[in-house]
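Report on the following structure.
Chains: A, B, C, D and E, in written order; residue numbering restarts at 1 for each.
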């Protein structure tokens, strides 16, 4: 099996992603009370990494802190505070955050119980948004997802990521540089900027998937092998997964756009509409890629049929020319006492002529049929 | 036929589930007045098992009782009372319950006439919910369903199951342990907890179906046999059945979420929304699995074509090399008196050279075509 | 062609039902004024059979009458009157009924112009409902439909059937026996009971179609013949027809449920919702059966490919083993004067050894490829 | 190519109708101002044929006139006036009509720019309806369409047809005969009658398409040829075209039904609903026919596979029986000096016995496999 | 690979358009602040070309200007001013325009960040419309798109094109000639005229795509080659792209029709409805073409199967006739000492007779099966 195929039992990402992490974990935690914090992600990191940015038009403070003592008071500051948590395994820490910021137990559960369906929920005093962060795993030839939770309060934003990542780095850059309108606007604009950064990442994934599609299309056109079909099937599966990840993101953004939420101001809506348009474009592209991959599968199948047809033609031509000739030779290989032709001097050359005539007429007939 | 195939006439679950129990039973009871109690399920159990839990913040009483005398008065207690019935064949008993709790005749009929489509109906004084309890039958390789009826009154909940099961055991545990908020909340929260336990069970079924899909995908990639197609077809059928069972559950939960019903308080709605999200995720996964199984069927078909192609190539190569050689040997096996070549001393080795040239050029040609 | 196939030109039901009776009849009557009574059904019966039931809580009168003189006065009786007409060819009689009960000309036209799409229309003073009565024609292996018209007035119901049938017999039984709540309720409840009886009949058809599907699935798995495909195609067509008949019934019932019509009381709606649920379940089952039949067609096609593959393998193995051997025998059948091998005493057994080696290595190679 | 195939370059209707007249003409007129009258239809007729009917309950005047002088004053008569124009190439004439009746420039443009999508538009003082008139071209085996424009004013109706046709003849007959309610009703009822006549014509087309489908289904079942597939493809294309023509007609009628237009009275709406029901039935039948044709294509493909399978079986049986026998004969045709068997007297009959045994066991094996 | 295939690595338009320019560019600009002007199109032109038309009923001024000094004051003129910009790379210039006309930063970003999804957005004081300008690239056999931005203000319209094009030339002609109502109407009518010109261009693309479809259909019917399938796949991909471009245009026009925008007057809406109808017709035609191309793919595949079937028949017939005969000849080529037949004088002619009988009966059998 090719290294591209994640179904290889030795492949690091062999989990069947169609069923996905959420289902498998839901089975494990099954039966616990709602709101019970059970982190279902990986537990590789030693400590949760806490970083915050606190800013207004004029000043910006950025820090990485070891514990919550510095960040909890930010809740009540008049400046915009964005606290980012990388790593979800420290349930006590997350519990403390939840208590301090008044988060609903279900929100806390969803935070740590990763693999949620993208969603947007309004609670008293804050909005809760779950989005997938997608990346393309070049080695496995597959899409990987990480859960991003974003909690949008009046003057603060909390973001929770599964792993240390850099998807928000461009936003931090803009905040530091005080570029654009980002510093002078409120939390809702920051939330928009963060979601925009996440959705922008989808375009990267889409580009890679598109490249892979193009690659396979060329392979099918130029040099199809039985492996091509397995690769196409694998790509189709990735598109199924990608589609399922991105479709609900549209609903999330639509929900934010239409929300009566006091958290989001009217002037930010036009920006959210822009992100919404991007997700629509992503979805349409995924659908189009599905059509193209289906077409490539048809192309592959027709190719196999054509090759079988060609193989059959070679066999038929060879057999149809030589089988009658062999029969003719067989006739005069018989040992009958009374075969007058055998003694005729010109019989042997005459048979050759007859054989050439038979072979020639077969060739002519095949040529007329277009098989030669 | 493999033991996986439920179409085997000796298989214990040979009923074609696509048409399902409901249809077959509806045919039998056809013509009776609505509200006539006709139990259409199995009648294996000797007696209906009645268990109740009666609790408030402080106390909890749990009992298994032989008849209705203890449980009927619970209707008017101020505490939350949950009465569970395992077994539906004792129509007199169910009739008495119905009369005492003021249930509509159609509700009673639906209770015992199992195989209903999942639904949620508001009646005066109570809500009626039907959900399927799905389990994966490992032996038959198929999904089995049982009907769960839940009647949600102001201070009481009645649940009716077809068989003794343990799907509610985790909820009972939480009630006994007074864990979480479950003891301090009303009947609507208990109803949520019960429905959540049922939906959680779907994840288990989904995991098994996903494993089976993965298994078959690997089989098709590595070692497809004609049986693989029958297994894929069988799996696809199970997905059709699963989909039909789960789709309406979403509508049930949506109905409860939007209901104006006085039975459900606003603070419980956020929990119902969580269960709703789970059903959406289940449905999306079922749809994705359908896509994957369809893809695996395509893969299988392309595999069969490829193998035919390979078989044809072997035949064509063998025949194309040896048929001309046999013809050449046939020529010099002829018994003509006048065949000057026969007497030439170097004719025999020369023929061998010619034969090797012919065979070699055929091989070269096949190699250039990529068939060797 | 098998006796199951209705496409057989000698088959009694050879009409292509997809286009259906309505279209063909519409073509014939084309151009006549709307409201012109043209009966488009069969004209086998001699006379229209008129039966009525007139009842209230206490009394019930049931009679079969030769003409309208007895039934017309029932319009103004305070009791519930149900008048049933079997046979639609007596246009004068139907015209008289229409005039007396104040029916719209279009209603009268639709009554006799059978093959209508199921529909529900509210008129001043009455509701008009058209439903198909479906039966399974075992001999033709197909679904047959008959048009049932139901006119629901304030204290009377008129029903019109194409032929004498017994679909309403269970309702009559219940009326006679004064079983259930049927006698104490109004015309709307009677209308519900009649429609319920019609929809119950669909379950029977569905069961038969399901059995046929199961039968064909088993046939395809166990012993597929070229005929199987024709049978599957025929079944698929029946499902297309069935689906088209049943889909609009759902809309009819939904229309009645939501109707502001004064004809239907609130307490009857809960019963109508029950019938509605049944039609939804029927539709979902038909859709699932379509999926299963499509799957069986795929299974059949893969089966044909597999068999071709197997046939090819046999040919390839036989040819690949014996063609080289025949060539080797051909070599030593040549008549060259100078073939030193021919005189070597051990040459013949040596050739046998060589032949066995060649054959053995071919067999080993085929075995390694898994073809043997 | 068969005469049925419109793709034949010599076929009179070779235009690819999927793209259709409208697109091709739109390309030609591209760039002209809206409202510019450019007739895009055929210009075969010498003069536009103008016919009018002017009637009320009591009197009816019917005339064919050479110019507009007689018909323009009808606009202001109190009677219902229906003016029909056959032929659209006389742009001056149509311009004059437009000016006199106060038609919007876009209406005039759409009138002559034939191939419009069916639509219904309300203007100040009149409604504008475009419907296709479909006919079945038996010779070309295809659906042809003509554009019918209907302008419904307060006391007048204008109809514009591309060619002289007789689709309205039954309506004229009814008007002349004063049959039914047509004479006593207003213009809206007349408009209904005209649209009903047009939609009735669709049933005829549908019947023919249905007959053709039945014919091809029988052909595929009984005697499929490579041509059958081309015919099925052609029929499928016609259904694509038919579907695209009829779908919007439903919207047109729905629009008229829901319109707030003062032009249509409530008592006419019930008749329009009837036509609406007919279009729904037509659409459903077209969809069902598409399903049937798709099924017939599957049937055809499975048939081709089956035939290949059968051909292969014959070859495999012949080759598997005779190739080993030929090899055996080849052995004893060799010229080794030392072949002791050759001198054994009973060797020859023994070989025959061996050959019969080999052939017999092959036959038995094939019979057991069910290939014989 | 044929010159038609854009997948050829040397082909000028090898970019996989399904993923498209927007995605690839979005990846590059990823991380910049919204409203940052990054032109993502080609940069071939030296300078942006600025042209304006300023007119009312009486006068018209048309000029091409080198910089903004002349055009900026047009914002406040009472006449209708249409300023067209060809080329989007001069970001300073576009920034100045944006500032002067009060455009939102996101509008400016979308203007230069080409490849947007078609959209219509209302801003304070102006409407922003993005439409694709589609052209058919004959050489590449593919659809190309260019982004057109249209900003509709109270007395001015700005249009931005990627390249110098002539799609608006007909509109300019009409303005210069003062033809039709265009000069006497406001900016909204001009906007309609411009959008109409763009949509009219789609018809041209559609015509070409339709011609290509017809061409390929004929090729598949008459002389299918393995290349035909690649061409059909390529065409299908173009239809996927075309569909994705045109679908949202309908929503754009629908949005403008329903908009409460003060920019569009009621009397212009009827014209917009006309353009809307055209886009609906285009979409329906694209869908129909997709159906036809899918049908042609089926036709092609069935054709390949038929040809394989025919090849197999030839092989089977040849082999079945000559293999038994060769065997018969082989028998009498054996060298047994005791073969009494060999000495019989009439044995040789008798064998010929037997051979002819065998061959004749095979031929007769094949003829009866219809294979000859």
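Just so it is clear, a residue touches a chain if its C-beta (ideal position, glycine included) is under 8 Å from a C-beta of that chain, and two chains touch if they have at least 3 such contacts.
Quick caveat: nothing in here was measured; it's all calculated off a predicted structure.
J.: Give me the set of chains touching chain C intersected with the set touching chain D.
T.: none
J.: Moving step by step between touching chains, how few steps can get you from chain C to chain E?
T.: Minimal hop count between chain C and chain E: 2.
J.: Give, as an integer number of Å, the spacing between the C-alpha centres of chain E and chain D.
T.: The computed centroid separation for chain D versus chain E comes out at 26 Å.
J.: Starting from the mean Cα coordinates of chain B and chain D, work out the distance between those two points in Å.
T.: That gives a centre separation of 42 Å.
J.: Find every residue in chain A that makes contact with two or more other chains and list them.
T.: Counting only residues that touch two or more other chains, chain A contributes 301, 305, 308, 312, 315, 319, 323, 326, 330, 333-335, 339.
J.: Would you pull the chain E residues touching chain D in the complex into a rising list?
T.: So the residues of chain E touching chain D come out as 169-170, 173-174, 179-182, 193, 196-197, 200-201, 203-204, 206-207, 209-211, 213-214, 217-218, 221-222, 270-271, 273-274, 277-278, 280-282, 284-285, 288-289, 291-292, 295-296, 298-299, 301-303, 305-306, 308-309, 312-313, 315-316, 319-320, 323-324, 326-327, 330-331, 333-339, 371.
J.: Going by the contact rule set out above, which residues of chain E touch chain A in the complex?
T.: Interface residues on the chain E side: 1, 5, 7, 16, 18-20, 22-24, 26-27, 30-36, 104-106, 110, 116-117, 119, 121, 123, 226, 229-230, 233, 236-237, 240-241, 244, 297, 300-301, 304-305, 307-308, 311-312, 314-315, 318-319, 322-323, 325-326, 329-330, 332-335, 339, 341-348, 351.
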